[in-house]
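Chain naming follows the written order as A, B and C, and within any one chain the residues start at number 1.
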Amino acid sequence: MGELETRLMLLEDRVAIEDALLAYYTAVDSLGDLDGLVDCFTLDAICDLRDLGLQKLEGHDAIRDFFRGVFEDMTHHAHHVTNFRIARIDGDEAEGRGYVIGRAIGRSGLKVFVHCHYDVRFARTKAGWKISFFDEGSLMPLGDEVSDLHAREGVG
Amino acid sequence: MGELETRLMLLEDRVAIEDALLAYYTAVDSLGDLDGLVDCFTLDAICDLRDLGLQKLEGHDAIRDFFRGVFEDMTHHAHHVTNFRIARIDGDEAEGRGYVIGRAIGRSGLKVFVHCHYDVRFARTKAGWKISFFDEGSLMPLGDEVSDLHAREGVG
Amino acid sequence: MGELETRLMLLEDRVAIEDALLAYYTAVDSLGDLDGLVDCFTLDAICDLRDLGLQKLEGHDAIRDFFRGVFEDMTHHAHHVTNFRIARIDGDEAEGRGYVIGRAIGRSGLKVFVHCHYDVRFARTKAGWKISFFDEGSLMPLGDEVSDLHAREGVG
């Protein structure tokens, strides 16, 4: 592969990686597409939500179980992704970080409005780029919103 | 055109398509540039706002009339575009989707704060990519804000 | 440099320019990284915040002094960058514009929630693209939040 093609492929990878992140949030906001959601992650992916007062999820089953509960609890989701930067693409691995504004309404009437940051690692698989690691925290003080919301998930 | 150039042009198209979408929101937030606003659309474009309790606008004249009313009613607009993904580019047609956070203040004092999603189709014209179809809805429950706001437009 | 490489480099520049902008907001939200923050600007950069009721900052020292005060005053920052468009890349200069949603909490308890627009000019330096000019204003009416917040900076 010539030098120009290598550079071109890096740009194409950037697009695919950002699309992989947005696919995750599209699934989160679907409030139903569990298959599509876990498909955004590698089989052994880690999704670390402890900085939000939630759990560290390891692997598809844990991620699926967590979001099954979320989807049962919530009536509305809106996750606005901003500030996404790819810090590194190195062959079949990549790292990025960004922010998300999350709005949500729960069946209990609880309203969520959060401003989060995340670090993400991606892996190139035969089925495209997928999230292998996701670590999210809050930029602003969290109220009791998030932990109340997902109490059923056994928040630590 | 060689394979590399074809791939390069796809990336250039992505930039141009996202710019076409942002040009539309720049015009919306100008609260005055009706010519610039309709110029973001193809002549026979459809702008379907029925999921917001508003109208289905067909063609430049309908779009211009609607936004003339909006611009007369509003004193402030801020539309923050997020999560834009291009799902398909196929020759001179493209499809994308995304979100927008809309803040607005009306002359009546009404304050709007909405979280919307949209599906967009684009067409490549001699004057660049333009919106040929725009279908917007809300991710969160709408209050009476939007329909009150544009009551003069003959909301159905 | 062939035509394809010139076009490729323009796309690479777009990525680098957006990253330069996001690096600035990353530093702003760090609430501590003054060196990283001033490093986002050229030595003689102008950062014009007068439309926010604040100062026109000229050069690294003025920018550093201003943000030293901001970082002392604030406990939380979240700046969500949206709508960024590069309007022009011309050799070693570029221009862009975009929006930002700013949330902040001050030690005084003051809460900030603003929707801003900015025009930016960038210069290519030996250390990459840097901001040479930044002019920010508000899309929505400003309360007393911003000027109160930075009163110590000698708001005009």
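List of remarks:
Rule of thumb we're sticking to: a residue touches a chain if its C-beta (ideal position, glycine included) is under 8 Å from a C-beta of that chain, and two chains touch if they have at least 3 such contacts.
Note that the structure is a prediction, hence the values are computed from the model and not measured.
Although chain A and chain B share one sequence, what matters here is the overlap of their interface residues, and that overlap falls short of half of the numbers used. Superposition on CA atoms relates chain A and chain C by a rotation of 120 degrees, given as a multiple of 5. Mean C-alpha position of chain A lies 27 Å from that of chain B. Counting only residues that touch two or more partner chains, chain B has 4, 8, 11, 80, 82, 101.
Listed in rising order, the residues of chain C touching chain A in the complex are 4-5, 8, 11-12, 15, 19, 22, 25-26, 29, 76-82, 101, 103, 105.
Residue ranges on chain C touching chain B, taken from their complex, read 4, 7-8, 11, 14, 80, 82-83, 85, 99, 101, 115, 139-141.
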